[in-house]
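Note that subunit A is present in both complexes that follow, paired respectively with subunit B and with subunit C.
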Partner chain A sequence: MLITGIKSKPIYAPLRFDEGGRYHLMLGLGVGREPLRRVLDEVRDQQALAVARTEVLYVPAAGDTGKATDQFALPGLAAVCLFGNSNALLEDFRARLGRSLMGTRLYVAGPESFIGMAMKVALDFNLNKDEIRAEECGTLARRVRCIHCRAITEDVKTNIAQCIGCGLWLLVRDHYSRRLAAYMGVMADAEAPGELPEIREVFL
Partner chain B sequence: MSVVFKPDETFRGEFTYSNSVAAIRRFPLPFAEDNYMYSVNIEPHAPGPKGSVTEFAFDVDEHYVAECKERALVLAAEPLRYQALPHMMSSQWDCLELVMESLSHDYPQLFSLERRSNAWHWINRPLGLDQRFTFGDVASLPCEPLDYATRQAQGDFVVMDQRDGDLWAEAGMVTTQADWSMDFDLGMTFREWHGPVPLAHEMQVFDRALKFLLNLRLGAPVRRLNWTMTVHPRLDTSPENYPKWGQDRARVTAKDAGDLVHLRVELQGLWRLPRSNAIVFGIRCYLISVRELATVPKWARRVHRVLKGLHPALVDYKGLTRYRDAVVEWLAPFDDGAPTTPGAGPE
Partner chain C sequence: MSGGQTIEVVVKAIEQVTPLIKHFQLASPRGEALPAFSGGSHVIVVMRGEARVHRNPYSLLSAPQNLDSYEIAVRRMDESRGGSHFMHDRLRVGSQLEIAHPVNLFGLDKIARKHLMIAGGIGITPFLAQLEDLHGGLVPYELHYSVRSAEHAAFLARLQAREQEHVHIYYDSENQVIDFEGLLSKQPLGTHVYVCGPAGFIGRVLDAARGCGWSPSHVHWEQFSAPPTGDVFQVQLARSMKKIVVPQDSTLLEAIEAAGVDVPYLCRGGVCGFCQSKVIECDGELLHYDHFLSDAEKAGGKTIMPCVSRARANHLVLDL
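This part shows the complex of A and B:
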C-alpha cells in the first residue's frame, strides 16, 4: 500500500496578487499573516484602487493580542476582521462567499489543514481553481478521516494515530480528499493485530 | 447454451464460491506474456467470441444471482457504498438506460425492457423483479436510478463527470472493490482518484489514459483488464472492511495457497453517456482460485512466472507481500520450464 508520494496530496504555490480580480478576499491563520502582508503590499503597489475592494479575515496566533490595524497596517482596506478560532472565521467566510460577486479572488495562507477547510467551503460554492490561491505555512498537522468509522481526528502529528471515533490505530496516508478536507487513515495493524510500526512525529 | 446460476454460493463466511469447468475456460487471464508491467492497455470494447466474457457489453455469468445478493448484503450494512453527488442525476438515468438496454438485448430470456415514451417496464427474471417506472422520474423507482440499475448488475460502477479538461468521480456503486473507497474518493479528479497507484504516474499512464478518455465517443466503448490477488473469494475487499479481511493475508501457507488465494481480474469497461456526456466506468471482478487456475497447464506456468518476476512496488501495492512467495511455491511444481504459447488463452 502506497503511503507517501500519493498524487492527491495538494501542492500549493507562493501567493501572488491576481490583478485580474475585482474583489479580493484573504484568509489567514497564525503565520499565514506574513504571506498576506506580502500580497497586500503587491496590491498597494500594483493596483492601489483595489485596496478598497480587499477584505482580510484572520485568526491571530495564540497569545497575539494585536489589534486589526496592527496585524494589517494598510489604510483603506475594505475590512479586517479578527477571529478567535478558525471555525468562527470559516463561518464568516461562508457567509461572505454567499454574497460575493463575480470577479472575487480568494487568497488563503496558513497551515495545510486550515487551507483544506477553506477550500472545502469554496468547493461548496463551485469556485473555480483559477479563482483560488493558497500558500502553505505553519504546522503540517493533519486532519485524518478514519476509513472504517468515518470520524475525523484533528491535529494529527504522528505517522500512526488513534482514531477519535472507533479507537483503532490508523496509519496516515498521503491520500487526500478536498471534498472532506482530510487525509485517509487506515487501520495500521489489520494484518497482524498488535504489531504497530514505531510511532513518530512526522507532521510538525 | 443458457447460463445456470448458482444462487447459493457465498463470498463471505463459508466462502462457497467456485467456478465451473466452463467458467474456468472462459476466465479472462490478464497476462498475454510471462511477465507483467503496467501499460495503457485500452482496446475497443468490441464483441468478443461467442461465450467469452466480452461477447456482450455486460457479461452475465453463473455468479450473477449470488453477486447481486452479496451486493445487497453490503448495502444493507453500509448504505454509503453507493453515492452520487446531486448534479449526477442525468448521468444516472443514462447508466440505467445503458444497463437495461444492454441486458435485455443480449439476454432476452433473462431480462426484458419495454419502452413506450417515458413509460418503461423492466423485468428481471433471475432476481424476480417486475418494475414499471417513468424514465426521468426518480420517485417512480424504489431508489435512485444508478442504485436501482447497478443492484442488478455484476461489478462496480463509477460515473465520471467531464469538465475543466478532467474526469471527476462523482457517483458510484462500489461494493466489490480491490481496496479503494468510493466514499473517500467521491469528488476527486482522475489523477487524484488514482493517486495511490505507484509507478504508473511516473510512466505517464494516467496522463495518457485521461487524454484518451476525454475523447471517448458515444457508441465506441473501450475496455482493459487489471488484476490483483485476494485471499478467499471475497468480493468486498474494501478499505472500510480491512479490519475484517486484513488478517487473511497473514494466514496463507505454501500448502493451502492453491485453495485460499484467488486471482482477481477486473474487466474494466468505459462508456460515454448520451445525455450527460459523463463516462461510466464499469469494474467487473472475476475471481478464480489458484487451484482452479492450475487446471489449465499453460496458465499455471504463466502465472507462476508472472508472480515470480513481479516488480516489488507492485507486490506491495497489490497487497501480496505476505503471501506472494507461498503462491509461487505452490505453483512451482506445475512449471516445467516449457515455453508458453503467445496470448492469454488457455491453449
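This part shows the complex of A and C:
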C-alpha cells in the first residue's frame, strides 16, 4: 500500500507578500507568528495603503501573554485580532470572508492542521491556489480521517494510530483531502489481524 | 478536432439581426439530435470556398438544452479574409456545411460564488448560451453588454426577457460606458469574471481586474479575431517531407492543411495550445501572435502555434 510519495500531500513555501493583491488577510497560530512578522516587514515596505488593507488574526501560544500591539508592531494595520483558540479564530475568519471583496489574498502560518482548517473555510469561498499562501511551522501532528467509520482523530503523531471513532488501528497515509483537511487512515492489520508494524512517533 | 469527424449540418434559417450580424440556425439534415455542449462552447465551421477552405470558430448561442439545432451569429468583418463574407453572402437556407464537434474553452466555473459577464459587441454570443447554463439561478450573476447602439444590439429581446437586475446594456451612441474599475472593485469573494469582445475591450477588462487585485484563476476571456496576415514565407515539414509556401492572407495552419497534412487543433485562435508544433530549425524570426506560450517559450524559438503565428525566415523546419 502506497504510504508516501502521494501527490495530494500539500507542499508549503516560505510566506511572501503578494503585491498583486489589494486586501491582505493573515492568519497565524503559535509559532506562526514569526512568518507573519516577516511578511509584515514586507508590507511595511509597501505603500501605506497596503498596510491599511492588511488584517491579522492570531492565536497566541499558551502562556504567551504579550499584547496584540506588541505581537505585530506595525502601526496602521486595518485590524489585529487575538483569539483564545483556533476555532474562535476560524469563526471570525469565516465571517470576514463573507464580507471580503475580490482582490483579497490569504496568508496562513502555523501547524498543518491549522493551515488545513483555514484552507477548508477558504475553499467555501472559492479562494483558489493563486490567492492563498501558507507556511508550515510548529508540530507536524496530523488530523486523520478513518476511511472506515469517517471519524477524525486529531493530533496524531504516530505512523499507526487508534481511531477515536471505531477503535481500529489505522495506518496514516500521505493521501490528503483538502475538503476534509485531513490525511486518510486505513486499517493497519486487515490482512493479519493483531499484527501491527512497529509504532513510531513520526509526525513531531 | 481536426482530421477527426466533422458533423454535417444544413442551414435551417437565416436572419439579419443587426445591420452587420446574421444569425444562422444549423440542424442535422436527417433531423437527428446534435452533440451535447455546455454554455460558452464554440464550433469550427468549415467553409469550402472556390479558392480555399476557411475554418472559423463561432460561439454557440442557443440553449444547451436544445439539441435540435445549433445557433451561431456572424458579424460581417470589413477586412474579412473571406470567412465572414462567405457566411453572409454565400449561405442560403438549405445550404450544407460541415462543423467540428463543439469544444468549450470558455465555460462557467462550476464552484464560482458569482458570475460577472462582460460582453462587447458580437462578444455577446457565448453569454447567450451561458445564461441558459446557470443551473436554475442559484448562483448570482450579472451581464454587462456594451454595444454601438440599439440598432446594433443583437438579441436584445432575449436579454430583456431576463430579470432586469441581472442584465445591463450600455449604448456607445448615448455615451454609456462600463466602469470596469468600479465594477471589478466591489465584487464579493469567489466571483469569476468572463469577458468576450474586441481585443481592446478585453484588454481593458484584464487591466482593471489586475488593478483591482484579481487573481488570474478568476479571470476568463475569449476572443475570436481573424488571425494576422503577413509576408509570404516558406516552411518545410520534416516528417511529411513537404515544402510549402504560406501566402499573405493564409495562416500557417491553413497552408499546412492545404498541403494535406493534419495538425490537431481546437480553437484556431491562439488560445488553447492544441496545435502547438515543434520548430526544428529557423534561421530567422518567429512571429508569435498567440496567447498560449509564455514569453520565455516565445523567446526560446523551439515551438510555434501555427493557427495564428507566422515567421520571417528563409529556412523554417517544423516537426510535422
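A few comments on the model shown:
What we mean here is this: the second predicted complex is superposed on the first by the 204 of 204 C-alpha atoms of A that agree within 3 Å, B and C clash if a C-alpha of one lies under 4 Å from a C-alpha of the other, contacts with A are read in each partner's own complex, and residues count from 1 in each chain.
Operating definition for what follows: a contact is a pair of C-beta atoms (placed from the backbone, for glycine too) under 8 Å apart; a residue touches a chain by one contact, two chains touch by 3 or more.
If you're wondering where the values come from, they're calculated on a predicted model, not measured in any experiment.
In the superposed model, A:R143 lies in contact with neither subunit B nor subunit C.
Of the two partner chains, neither subunit B nor subunit C is touched by A:R37.
Which of subunit B and subunit C touches more residues of subunit A is settled by the count: it is B.
Applying the stated contact rule after C-alpha superposition, one finds that A:L101 touches subunit C and leaves subunit B untouched.
Of the two partner chains, neither subunit B nor subunit C is touched by A:R133.
In the superposition on the C-alpha atoms of chain A, the part of subunit A touched by subunit B in one complex and by subunit C in the other spans residues 128-129. Considering their complex, residues 1-2, 5-9, 123, 128-129, 145, 147-148, 150, 168, 173-180, 184, 186-187, 190-193 of subunit A touch subunit B. Considering their complex, residues 20-23, 97-98, 100-105, 125-131 of subunit A touch subunit C. Across the interface of their complex, subunit A is touched by residues 164, 179, 181, 183-188, 191-198, 201, 239-243, 245-247, 249-250, 316-317, 319, 322 of subunit B.
Those residues of subunit C lying in contact with subunit A across their complex are 109, 111-113, 184-191, 210, 212-218.
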